Structures are given as C-alpha cells and as structure tokens.
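Quick one: this structure, given as structure tokens, is what I'll be asking you about.
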Amino acid sequence: MIRERVQALLRDVASGAVSADAALAALSSDPVEELAHSTVDHHRALRQGYPEVIYGAGKATEQVLDLCASIASRDGRFLVTRTTDAQRATLAARFPSARVSSVARTVRLGGLADSGGADAPRRVLVVTAGTSDLPVAEEAIETLAALGLGAARLVDVGVAGIHRLLSRTDDLMAAGVVIVVAGMDGALPSVVGGLVRVPVIAVPTSVGYGASFGGLAPLLTMLNSCSAGVTVCNIDNGFGAAMAAARSLGA
Amino acid sequence: MIRERVQALLRDVASGAVSADAALAALSSDPVEELAHSTVDHHRALRQGYPEVIYGAGKATEQVLDLCASIASRDGRFLVTRTTDAQRATLAARFPSARVSSVARTVRLGGLADSGGADAPRRVLVVTAGTSDLPVAEEAIETLAALGLGAARLVDVGVAGIHRLLSRTDDLMAAGVVIVVAGMDGALPSVVGGLVRVPVIAVPTSVGYGASFGGLAPLLTMLNSCSAGVTVCNIDNGFGAAMAAARSLGA
Amino acid sequence: MIRERVQALLRDVASGAVSADAALAALSSDPVEELAHSTVDHHRALRQGYPEVIYGAGKATEQVLDLCASIASRDGRFLVTRTTDAQRATLAARFPSARVSSVARTVRLGGLADSGGADAPRRVLVVTAGTSDLPVAEEAIETLAALGLGAARLVDVGVAGIHRLLSRTDDLMAAGVVIVVAGMDGALPSVVGGLVRVPVIAVPTSVGYGASFGGLAPLLTMLNSCSAGVTVCNIDNGFGAAMAAARSLGA
Amino acid sequence: MIRERVQALLRDVASGAVSADAALAALSSDPVEELAHSTVDHHRALRQGYPEVIYGAGKATEQVLDLCASIASRDGRFLVTRTTDAQRATLAARFPSARVSSVARTVRLGGLADSGGADAPRRVLVVTAGTSDLPVAEEAIETLAALGLGAARLVDVGVAGIHRLLSRTDDLMAAGVVIVVAGMDGALPSVVGGLVRVPVIAVPTSVGYGASFGGLAPLLTMLNSCSAGVTVCNIDNGFGAAMAAARSLGA
Amino acid sequence: MIRERVQALLRDVASGAVSADAALAALSSDPVEELAHSTVDHHRALRQGYPEVIYGAGKATEQVLDLCASIASRDGRFLVTRTTDAQRATLAARFPSARVSSVARTVRLGGLADSGGADAPRRVLVVTAGTSDLPVAEEAIETLAALGLGAARLVDVGVAGIHRLLSRTDDLMAAGVVIVVAGMDGALPSVVGGLVRVPVIAVPTSVGYGASFGGLAPLLTMLNSCSAGVTVCNIDNGFGAAMAAARSLGA
Amino acid sequence: MIRERVQALLRDVASGAVSADAALAALSSDPVEELAHSTVDHHRALRQGYPEVIYGAGKATEQVLDLCASIASRDGRFLVTRTTDAQRATLAARFPSARVSSVARTVRLGGLADSGGADAPRRVLVVTAGTSDLPVAEEAIETLAALGLGAARLVDVGVAGIHRLLSRTDDLMAAGVVIVVAGMDGALPSVVGGLVRVPVIAVPTSVGYGASFGGLAPLLTMLNSCSAGVTVCNIDNGFGAAMAAARSLGA
Amino acid sequence: MIRERVQALLRDVASGAVSADAALAALSSDPVEELAHSTVDHHRALRQGYPEVIYGAGKATEQVLDLCASIASRDGRFLVTRTTDAQRATLAARFPSARVSSVARTVRLGGLADSGGADAPRRVLVVTAGTSDLPVAEEAIETLAALGLGAARLVDVGVAGIHRLLSRTDDLMAAGVVIVVAGMDGALPSVVGGLVRVPVIAVPTSVGYGASFGGLAPLLTMLNSCSAGVTVCNIDNGFGAAMAAARSLGA
Amino acid sequence: MIRERVQALLRDVASGAVSADAALAALSSDPVEELAHSTVDHHRALRQGYPEVIYGAGKATEQVLDLCASIASRDGRFLVTRTTDAQRATLAARFPSARVSSVARTVRLGGLADSGGADAPRRVLVVTAGTSDLPVAEEAIETLAALGLGAARLVDVGVAGIHRLLSRTDDLMAAGVVIVVAGMDGALPSVVGGLVRVPVIAVPTSVGYGASFGGLAPLLTMLNSCSAGVTVCNIDNGFGAAMAAARSLGA
C-alpha cells in the first residue's frame, strides 16, 4: 500500500503534477502529534482499526486529559484503562457522554451503548473462575464494547465444581472467541480449551494465596496448558485479551 | 447437541423403540480407547476437528507406534511431535507414506503435501528473528500442514536490522495470522504487532546467552508486549502456536 | 451413584411412571444458583459434605452477604474466610448467632460451639513453630470447628528448642491428624513427620526475615521434607489444611 | 509409651530387680546401627510401621547393598527408590525374591505380590494426566505395594478431554485415597478434588515444555488449587505420595 | 551432661536417697513455661548462655509485654527486636531501666551500658557499605551489647571508594570478628574477607535499586564470595549476625 | 601518579627537604571526612571528575543536609537523587540557588542552567518508550546537567508504532550517546541499537502489568538484546545511565 | 542522510535525469541477501561499521559456511562466535587465512594480526577476576581484534586479594575502556569502577558454586554496582562487551 | 603493620641507611607472581595463614599443575578442590606424597596425615543429614586437614529420625565448631543450632527431588533458620565451611 502511494507520487512528480518539494513534504509528513509528554500515534487508527488506547496508571490526570482531547478531536472516541478515581472523575466531568466503569477502571467515549449487549455480529464469551476475577473480566468487556464488539459473561465457574461449567456447554459452543479469566490454579482455560474449537485466550489474575506469587502461578499454568492452542496474556490484562479477541474476529 | 441426543433417546425409550438397557449402554459408551499406557481420546476429532496429537518426548517408541496405529485406524491421519531419531525411523518404516521432518522433529500422516505450500485458503505467515529459531518455526509449519493449512516463511528478520522486516511489510499485511518465533530479547512480536491487525501469536525460544534463562527472557518480553493483543505460547512450542492459528482461522 | 439414578429414571420412563419430559428436566436440573456476581455451587454440600466456603478477600461486603444468605438458606450454616473488618462487622450484625474470630479472620454459622473443644470423635492437633504463626493456625481451627471437628493446639514449639516439642510426644501420638504451621525455616513438619504415623499436613507461613521471600522458604523446605509422606498446603492457608484434615478423617 | 518404660525401669531399679548400670545401659541403648557411611534408623519400623526406605540416587551400589542387607536382616523386607540400572542388577542378583520395576526404578523385598492388585482392604487410586507421567505413578504404586496396600490405575485422563475423567466417576468415588500425578499445567488435581471427598494427594511431574521449568509450573498450580484440601508433594515424588496415602489409610 | 545427671539420679534411686517417683518427676520436669500464646524456653539461658530473644514483628504489644515479664522475672534481662513504635513506648513505660534504640528498633534490659563501648574483652567491628545500612548495623550492635560484647563501627566505606576501607586496615586487623553489612552489590565482605583472618559475617540489606529484589542481589553476592570462609546471614538480619559473632567469641 | 608523588616525596626526605614524620603524615592523610553517619569521599572529585553523589532514599533529611553542606563547602556543587518531598523542601530552603526537579526527584547545585539545553559539546539523546518512563528519563537528564552535559529528549516512541522512532532517525544519528528508557517489553533499545553506532545505554523501568515483575521483564529483554553492544543499567536507574554516558563522553 | 538521498533522487526524477521506475527501484532495493535459512544484513557494515557477526551455536556447519562465504564475498572479513569444534575445523580448512581461537571459540577473517597487540590508537583493558573467566575474556579480545582494536589483559585479580588489582593502578588509569569479566561474587567491576573515569563494561560469567545459579549472582551484583556508571552485558557475553567498547571508542 | 614498615623504611631513608630508590622498590615490590593464565597471590599465606587454594573446575590440567608447582615451591604445601579425574591422576603422579580423595575430589600436599584424626587442639564436628551429603562433608574435612585441623564425623542423622541426633548430644557439646551439611529440607542446622553454643556453619547441598531446585530449598531454609546465629555457605561448598571454621578457631 505504502509502495503504491510512493509509486503514484513519483509518477506525479515525473509528470510535473506534483513538485519535488511537495512530494518530499508528503513523504516526510508524520502522522504523529507531539505533546509535551507524549507522542500520539494518530496513524494507529488507520493501521490497526482503533486509535491508541491510553494507559492511565502512572500518568498525571492532566496528561490523560490532554491525550483524550487529542485523540477525541481526530477520531471522536477514546478508551482509557487503569484509571485512578481522580482520572475517572475528571474525565466524566470533561466528557459527559463518556461511559465510566469503576469495576473495570475504564473510561471510554464511543463504542457499544451496552457493554455486555448481544448486538454484535460475532459474540465473545468472557468466562471467570471466581467472583474475584470480575474486575479483569470487566476490563475486557469494556474494551470489547469500545471496539464495537458485544460480549456475554459466564462468571464463577471454576473447575472445583466442574458441572457449573459443563452445564453451560451450549454457551461455550456458541461463542466466536472465549476469554478465560482465572487466578489461583489457573486451570479453567485447559478445560475450556478442550471443549471448544474457537480461539481461547487465557488471562491469569493476581487473585490468590501466597504461592500465587502475584499471578505467576496461573500464568505458568496457562502457558503449560495441555489443551493445544490456548494462548496467554499478561497478568490481570483484560484489555490485552480483548484486543487479541478483536484481532481474531477481524474487528 | 448432547442434550438433543439424550432427548431423542428418552423419547425412543418412552415409545419402546429403544429398551432402557440399550439406552443406558448408549449413554454410557465412551468414545475413548484404553491402551495399556494411554487413554486415546477418539472423540477429539469430532469435538475439535483434528485427532489427538501425540507428544513423542518421554514415550517409548512402541507406545508411540501403538498410539499412531490406533489413531490412524480411526481417522486415517496422525501427527507426532518432539520425536526422537529412533521414533522417526520406526514410524517411517511402519508408515511409508508419512512425512518426516528432522528439523521440526515431527512425523505426520495426511495433511498438505507441501508444508510450506500456498494452496490453503487463508495464509499463515511464520516469522523468525534468527536462523536458530528455525526448528520451532518448522514445528509450527508441519503442524499447520497436518491441519491442511498452508504457511509462508519470513526468516531471520530480527529487530537489530529493522529494515529487513519493514521491507517485507506487504507479506505481513497479506497474512491471515502471523506466528512470530524469537529467542534472545524476544522483541520482534512487539514490532510485528504494531504493523498488522490480524492475530499475532508469539513463541519464545530457548535460543540465547545465559540471562535468557532457557527462554524465560523472551517469554516475559512477549507477555509484556507494548503492542496490544499479542498473545503468547509456551517456550519452543511451535505446535501450540499452529493450533492457536488454526483456532483463529476456523480450521 | 449418578449412574444408578439414571438407570432408575430410565426404568421409570420405560414403565411410564415418569414421562420423558419430566425425566429430561430431572436430568437437566442444575444444582447451581446464579447470583449477579457468583455461581453458587449448592451441589457441593451433597458431593463433598460441606457447602461452598466463601473467600472474603477481594469481594465487596454486599457480595459476601448475598453469598452467606444464599448458602444459609439452603444449608443452615456457612463459613467465610479472609474477611475484612467491615465484612465481619456486617455479618455479625446480620447473623447474630454467627461466631466471629478476628485472629482467624473468619465468620461461621453452625459447627462446634467451642472451636478448640475436645468433643469430636477423632482429634486434630494444630502445632505452630512460633507465636506469629497463630493467625494461620486459628484459621485452621475455625474451619475444623465449622466442619464439626475438634482440635487441640500446641503453640510455639519450633525446632530451635527441640525439647519443647519432644516433651509433648504424648499429645503428638494421640492425634488423628497433625497440622504443622511454620514460617522462617519451616523445619518443624520434618521433625513431627518423623515422630508420628498419622497424616502430617504442613502449612508454610509468610512470617520471617527478607530471604523468606513471603513464605517461599518454608514452602520449599516442606516440599523437600526428609520425613516421607508429609504433604504441603499453600502459604498461610490454614483453611486448606483443615479441609485436607477433614478429607483424611472422613469428616 | 517411652514414659511408661522409664517408669517401669525405675521401679525395677528401686526394687533391686535391675541394677543401676543395667538400667543406664537400657536407657542408653540406641536403636541405630552405624555403618561406615550411614546411620540406619532401625527404630523407624517400630515408630512408623515401615523400616527406613533407601534413596538410591547418589549412593554407591555397595552402599545400597549394605543398607538393604542391614534392613532385611532385621525386618525381612526393604524398599529402594530411584535406583540406577547397576543398582537394580546387583540387588536382583543378591536378593532373587526381590521385585524389580524398571519403570518405577524401584527394588523391593516383601509386600504385595501384585503391585496393582485388588487384595487390599482400602484402595488407592493413582490417576495420571498423561502417559509420560507413568514412571512417577509406578513409583507410587510400588511403594504402596511394599506397604501392603493395593492400588488401581487411571491413566492419561488429563483435563483437555474432560469426559475421559468424568466417565470414570465411579472409580473415583470408590477410592479411599486418590493420588493425582500430572505435569504440564497440573490442572487435574483441582478437578478431581472437586469430585471426591477423600484425600487427594497431588504430585507434579517434570514433564513439559520450557515454561514448566522442571515441574515448577504444575507444582504452583497444585499449591494454588481451587479445590479445598488438596495437598501437594515434591516434583516427581511418587514415593512421598504413597507414604502420605499410607498415613491417611492408617497403613 | 544429661547422661551424667541420669547416672547420678539412678544411683540415688538405687541407694534409696531418691524415690522412684521423685526421680521420674525430675526427669520429666520441663523447663518450659506455657503462656496463652507462646511457649517460653527458659532452658535456653542455661543451654545457650542467653535467654530467648523476642521477635516483636507480628506480635501484639500485650504478647510482647507478657514475654518480657516472664523472661525478666527469671533472668533479669531481655532483648526484643523488630519492635513497633507502640511496643517501644509500652516497654519503656513498663521497664524504665530498659535501653531503647529507635534506629535499631530494639529494646533491651541489661547488657552493656554503652552499646558501642570499648569495654569488652574481644572486640567486634561492624562495618557498613553505606549510610542506609545503619539500622541493620545498629541492630547487631544492640544485640551484642545485650550479650555483653562491645563493638566498634566503621560506616560508609563501600568498595566504590576502596581507599576509605584500606585506610582503616588497622581497625580491621584489630577486630576479633568482623560483621559486614551491605546492600546494593554486596561486594564489601569479599574485600574485607581478603584482608583479615578472623570470622567475617556478611549481612545483606534490602537497600538498593530495583534489581536488588529486596536484598536478593547482595545475598547472592555474599554467598558466592571469592574470599574463602565468609559466611552469610539472612537479609537485614543484624540480630543473627551478632548471635553468630557471640558464638564465635565464646560469649 | 600516586607512584610519582611517592617517588618525589621520598627524594625530598632523602635530601632533607621533608622530614620523615611529615612524609609519613602526607602519606597517611586520607581525603575522607567522617561525619557521624557517613564517610564522605572528597577524593572522588579528583579521581572521577565529580564529587560523591548523594542517594536520598532511606536517609534522614538532616543526614542529607549534612552531606550536601560538606560537599558544597569543598566543591561548590552537589547532586542528590531519590529525594523525598521533605528533603527537596529543606534543601530548597537551605540552598536557594539549587535546582529542584520534582519529576526527577533530584536537587542539584551547579551544572547547566537548562537541563535539556543544547549548549554541551557532545549531545546525549534520552529516548523513552512511553510517557510513564519520564521520571527515569528526567533523573538521567538532571544528572547529565549536573555534570555539565546537555541532553535532548525523544519521548513516547515505543516499538508498537515503529514509524514514530524511524521518523526521528536524524536525531538518533546525531547523538554522541543514546540512553533508552523503557518498561513493559523493553524492546526499544534493540531497535535503537541496530540504527546507531554510538553507545546505547538501556534502562529498564518498573512500569508495566503483572508479569513485568517490577521491571525484571524489560531488564532481561535488554540483557538479551540482539543488537550487539547494548549495555544495561539497574531498573529505574536514570542516574546510573547518565554516569555511564559521562564516562563514555569523557566528561 | 537517507532523507538527502531521497531529496536528490526526487530532483533527478523532476529533471528527468532518472526515470520514475528507476527511482522506485532504487528506493526499493534492499541491502539484504536471502539464503535458504538466513537473511544476511549486508547493510550493517555501512550502518554500524562492521558486517553482521555470525553466532555459531545452534547452527549447522553448512549454514555457518554459507554465511561466512556470503559476508566475506562482500566485505572481505567475518567473525564467528560460539563455534563448535566441527565448525572451527571446517572454517579453518575453507578459509586458510582465518584466525582460530579454541579458547575464545571464535573464527575470524581480517582484523588485527595479534589479538592482544598494542598497535591500536586507544587501548581496551580486559580484566578478569579469575583464571576460569579467561574464555569470556578471550572472546572479547578476539572480537576487538576483528574490529581492529588492540587490547591488554589483566588476569586473575579478584577482590579477595585486592592488592593484586591496586598494584596495577597505572594500567587501569591508562585504558580508554575497561572490560571487567567476573564470576562468583562479581564484585570486581565495583572496585574498578571506583578507580577509573572511563567506561567500565561488566560481564558476569557462569563460573561458580551452586548459588551462582548459572551466573545470575554476578549479574545481579553488577547491575547493583555501587560504582556509578558501570554498565552490564549478558552472562558470558564477551562478544557483546567488545562491541560496547567499540561503540564507546568510536571504532 | 604496613604502617610500621613504611615508618621504619622512611626513617632508614632519612638516616641514609636506605636509598630513596631502594625504598621505592621495596614499597613497589608486589608479592604476586604472574603466570600466563593466573596471578598467584603469594602474599596470602602471610596475610591469611594459608596459601591460595586452587579451584580445579574449569581449569586445564596444565594450569592446575603450574599453580601447584608455583605454590609448593614457596610454601611447601597446596590444596586443590573440585578436581577432575584427570587432574587427580596427573597431580598424584607429579606429587607422589600428595593426598588424594576421590570422594572429596581434593588433592593436597601437607597438612594432617589422617584427615579425620583426633590430634588437633580444638575439634570440628562435621554432621550430615544423609549419606548422599558425604562428598561435601569430605571436602570440608580434607580442607580442615590441609589447614592442620582435625575433624570428627557424624553422618546420616537427619531430623526425620531425631533420636539419631539426640543420642549424640555429647559429641555435639564437645565440638569447638559444628559444620552441618544437609540437602533436601535443610532442617538439621536449626536443630543443631538450638543444642550447642559454638559456631554452627550450615552448608546446603544439591541433593534432593525436583523442588530442591539444585539446593535452593535447603539454602533458603538455612538462611531463615530459627536458631539464632547459624550462618550459611554456598551450595555444596564444603571448602568454604572449613575455611570459616578455621577463621573461628583462629587456625
């Protein structure tokens, strides 16, 4: 594609339709905006289908506000993850139509009206092993909603009571992608992976007793899954799982 | 589906078309074959589209032969990974039409004639950072071929010479799924993930100097990828990456 | 058992005593209650002898309250572990007859009146290496009491003063199961394991100086115990140790 | 007991029935035999029901022979684990009636004639996730047989094909203790622990891809099991699991 | 010694000077006091020369007070380490003559009047690499003072300015034991170990940047010291280093 | 040099120009100042070109003030890193001409007026992967300024949008040293290292999701960089990177 | 530079001196040669001053030969590291003028005749803590020689005998860059870093007792060096250290 | 001491008894011998009481021979540890009076005739938990013998049979220093440390099942010992423990 643009530009220069200086400018223009503290990648929406997502943790509230304003002005939408209470309050005041989730710790402008809605063409099923895994699951669901993808929930169906999962086999079979969120032993993705043919994206969480070591235990479990083709995201990274689902669904 | 079968069976019992004992037998019959040393999951081909794949490492050659024979007799095909030299020799003798790859350490019956062929409907691109990552890449390609999926290779394009990768942007853009195999710093999937919209499946390898710690370094790199939606397989697990690609492509 | 129920049901259907639709409903009914945030496994009391235990950490107080109410309404008892101060206060107000332990951080409805009482048919002895290990020991004792099992305590008998332990050999010999709770070097279970024939369940605690690494040191010690047949629970997991003791005692 | 013996002895001394020197000798005699390289604990058979088990790895063949001879002369039986080929050959020649298992790498004198036999009063069920976990399972079974305990096998029923396990629920329900041996993700004990009430002893194995890190992955999985009361042994330690089962069964 | 006491006692019983019951009581009496929460090892002062030291962290202030009172009543002295502010305030009020160090976080009754004094027969030199290592050094010095051992300080002489250490070679040569406290790279004990013949006890501290991993880095450095015969204590464990010095000096 | 001074001194002694006692004093005088809590290395300015830098973390404000006063009195400048808010306030009041950076957490007396200025003879380029890496970058820039070295910034150019970096190739090419600061996957130094010939100093940061493990992930990435000759500093150690740059530039 | 080439090319196209198609070809031509197994980066010699270095480990001997031939044909020189015996023998036969070092495990064509020679304008000093660190030091020296840089050696001067190092202060002072190679405690770079102003590049080695953990111990030591501005390479990576030295010297 | 030598030398120069040049030479002469591959620290015998000990692992046999010859020529004795079979054979041939231990893997010239003899003034007791720990214990005993220190053995008295240890309390009480060698759980030093007042030097060994992680488990156990004042050496480092014992005994 870039090749075609260069080729066309060169022909225009050869024909005199475009001057050498103008062509140079066109080739040099960088779809990047430099704020004082960040380099916004405006090209990303074109390249990957969604503008750059803002990671709130460790950023000043004003930095987040600047970034949201910059992105919203170009794309009319944004998503911020890992927000603080202060960031959420400030963004809610500045962007009254933004959707704020305190469980998921996200703020988004645009996307699906109902984050768990059934209106998307191909469904994602987000499964959790326990109740404590919900914040990570909600981060995934809000991210999917920002991307225009509907999601269903199947909560608290860990392998210690395997019939809870097996009784929902129909829901599993109907999903286009399954995101499995689990802490502690992280065993659930292996069972799910053996039941469905579609992509299974495993997300370890930091929920658990001491030898979980902040999520290391379920992370290793999932990487060693005996169900072939299960892939793994970073600990507590519901956002990444949603983005992987979107890649798989062509969203 | 299972529910429908039970429902139908019960109606047959109610109508007398099927006796209670026969129905019980039908409900009890398990699509599993018990060998002396293994429990073959013949149901898997129905459930997941491909019969159980045999992991050769740590198994006696006779065990592997038994398993291949059992699976081939039902499904007419098989795939064995992580074979020893002895296993490959024995299987080649027993199954003359099997395809043997000493680089990938695989033996397979059935699948694509040409493992790197271009005859599959949606293409997988397997990218490696270095030459030493080839065995893992080949394991992925042979697995894909067993599943009937064609794959292209892009070898030795690590980020230390970034133009090697960027000059192949067209190939990256054309792929339906990209598998990225890298040892050492494991940085390549992050760059690839920023260039394409499709699923990027990262496979760390155990290639590297001391502080690679057997592949731990690239594994952590990939889990922490700054390109959203990159997912990760186990170290050196080309097989798993291929299975994940197949899940994504609906193969 | 499930097999027998299916068999009986099928005969009833065959004889017309039960309709096909009623049989299907019976086979389909799932002993699971879906709250907004959790899937309560009511079947567990039947399957494992005690209803699902609630893990308080990371749950909202209202979620814990919902779960307690749901379980108490079916089973007339419950146990919550790892409660916060707020959870304990709320539960104490809502369930006046519940027993609250601020040391163990547990709340329970039902079970033994006296958590360390001697009224149970087979005794569990809970041994600690130090005073700082008490909260974990108390979690075990409260859990045992919830299950109707009495327990004796033997506190602060670490191996640095081995005669403290040896002078209590009679108590050790009299126990049906010994739970050994130890931080720091975690050496105590190895000594106890060499003195008694009954199950020895080792629980590492996170008590200790820097190189304890949050309990990793005693965990590894216990896994490598030179006393054969000592088994190990997660760090600080007094609850799990009590459940293992109950499994062993057939409680 | 030791207290009663001291009391009786003192009374005999007081009555003149035993001289002070003889009493001193009796109190001093240590049920320990010092070989050049080892201190045999002959008291263990009295204290724990089975003589000291010999760990073959890292010992010279002559050392192992000495130890076997010393123990056999007192107790008429012995068990050696982790033997080398040379040790097995030498012991087989020296003790023709010993039972040698090259899979389990054990040699034993005495115990059950048929290591997997059904003649023991309470049965142990040894379950494995995969075929490659067999050597560890066999070590457990041979150890149980040495202790006079029969065991049944349930092999290759990992969670990736969960119906293989569920179809054997009756066998699980019938067991007095379940030993679950699993490598890779180590997820199987969590599922088994949710199905049965009896002790579940989990044994991680070193079978797996790179990020198993020699069995660390399934070890952590099992320690973090969401099924309450599952306890854990060291990596590949089938012997320890059998000893724990014996403690639980009162064997 | 115990043997001699038994022999003497038996002779007394034989001669009628001591009754059998009295002898039994003497043999049975255990020098242990059981508080509600602790088992005080009063025998330790006899066995090891100093009463049991109290570890304040994780204990309630009242528990610490009980223990101090129990020990002071028998031995007229005590040492508490890792105290909280509240513990120090309470102990200072209850024991007006106790010495309190807020830097070392210790409280002690008895011992040297001047913790860094030069009045002890053999001197301990406590060396630190940096100023931030002082709290650990002071814990060592206060513990030594409690044991009646004087200590000298040599502070902030890390290897980045090696002449600071070398200019104090005389002090190093004069010491009977050298305790070296260092965080960050933990390199100082290796240099000191090469300069002196006496025991060098290395204490890693948790002072440092990220890759110190809470003191793991200097801990490993010290364990791998190229100066032969350097031994190592736990991270931040100034108390343990002092006790080791006392063992070496026969204190 | 020291050799020459000794030689000259000895000749002066031989000629009688210097007395033996005076020579001894000269040889013995140590360029070290002992405060109560620190040993100031005044010789360092002579030996390494800049006086000892003060690490604020874990030091009392008065200790820091003492050290600053001691160093300023000799050298007329100082640098304090990792300051607390209280330290910065106190130092600003005491040294009104000091430059305080709350982002970098540094206070310095002397050095460049403009920390990011272009007035230094050879330029350092400080590159960050993300906005959250800024505090570490600023610590590097302030340290460089203290040393009289100008620096340019290139912020938020992580590899997920590789064109952001490539569009700034000219800046990269113009730098004398490049410091690359990155958290998460830490992939940026490998790409930069492949683009420039000059020293590339990589600094991992603790910014990231769970499996970053406090910066371990990017640290390992950078140590395993496939770009030859990239070297690595401690996690979050912007100060160390600046000092390494100064060594390379001969500053 | 690339910008200037594009600008010039565009002007030539505008003037008709170059056709659009030729310009496209020029812009598209990739300085990369694709072998069957590798993508040779011929552009690297232009970009970084030395052609791509070949890492022998894990490559087939024929692959190495192909790569050497490809690079030698363009650049007249090559360097292979981590060679096997077979690779060295084959390369020596094929390239009779190549220099082979069995200690360093390198083969190189071109560069300095005498790898430790004094003929380079700015000298590198390679220091080792022990004799066992020599292979890593020699890899660095051979790499430097390939780049045309002379190096001096200072071997076996670990900190346990600090006077061995201090007696060579003149040599340290004279070096332009110091590479310090150390296993075990890895303490040497901290001392060297305090003595010199020039770049100090630390290389940990895998030499040592158990708790070295394959070089992890000295790696962490060096990353935590209390000498500011010391930077670190991967374990055993003498090659990387030499490349870093070359970057610093502008070679 | 060095100070006094300088003072005396200067007075001699002042009086004309020594010329300035001769004094300079005396001050400059370094007690170090540079071989091609090593820098022998001949000063160590003077400084630390025993010449430099040679670590055989990773050295060529000729290098070891050179070092032995160099040291023997000055000091008439030497000690080599971690020798290979070839090194032992070569040294035995070259130094017929050397003592060779294949268990300890040591070769020594000089020292006690009988390594376990009772002829030394203060005794060291070397205790092992198991038979497999013997090689490490023997390395300690041979090192002690080289230093002229006698040692007694107490072998295979691990805590699983605690009476084996307690029955030897007299031997423990009689020792001047106790070295405790243990693998697996590493619990023995904690028990020993509680029984004796003298220095207890703990040596972890790499003996054990998988979760020993090469000796990491007992290493951590020992560092966290609840017996105050136990210090720790590197894994399998019997040599270091002996050197520490010698430091403590003033040998």
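We just call them A, B, C, D, E, F, G and H in the order they show up, numbering each chain from 1.
Simple rule for what comes next: a contact is a pair of C-beta atoms (placed from the backbone, for glycine too) under 8 Å apart; a residue touches a chain by one contact, two chains touch by 3 or more.
Everything quoted here is computed from the prediction, not taken from an experiment.
Touching chain A and chain E at once are the following chains: C, D, F, G. Of all chains in the assembly, those touching chain C and also chain G are A, B, E, H. Bringing chain E onto chain F by least-squares fit of CA atoms involves turning it by 90°, to the nearest 5. Taking B-G and A-D together, the pair of chains sharing more C-beta contacts is A-D.
Taking each chain's centre as the mean of its C-alpha atoms, chain A lies 41 Å from chain G.
Spacing of chain D relative to chain G, judged by their CA centroids, is 53 angstrom. If you average the CA atoms of chain D and of chain H, the two centres end up 38 Å from each other. Contacts with at least two other chains are made by residues 3, 130, 160-161, 194-195, 208-209, 211-213, 216, 219, 223-224, 228, 234-235, 240 of chain H. In this structure, the chains touch in the following pairs: A-B, A-C, A-D, A-F, A-G, B-C, B-D, B-F, B-G, C-D, C-E, C-H, D-E, D-H, E-F, E-G, E-H, F-G, F-H, G-H.
Interface of chain H with chain D (complex): residues 130-132, 134, 155-157, 160-161, 163-164, 167, 207-213.
Those residues of chain A that touch chain D in the shared complex are 129-130, 158-162, 166, 184-187, 190-191, 193-195, 208-209, 211-213, 216-218, 220-228. Chain B meets chain D in the complex at residues 28, 30-32, 37-39, 41, 43-44, 52, 55, 57-59, 63, 204, 206, 214-216, 219, 234-237, 240.
By the touch criterion stated above, chain C contacts chain D in their complex at residues 1-3, 47-49, 53, 169-170, 173, 194-201, 219, 223-224, 228-234, 239-240, 242-248, 250.
Partner chain C is touched in their complex by these residues of chain B: 3, 6-7, 10-11, 13-14, 16, 19-20, 23-24, 27-28.
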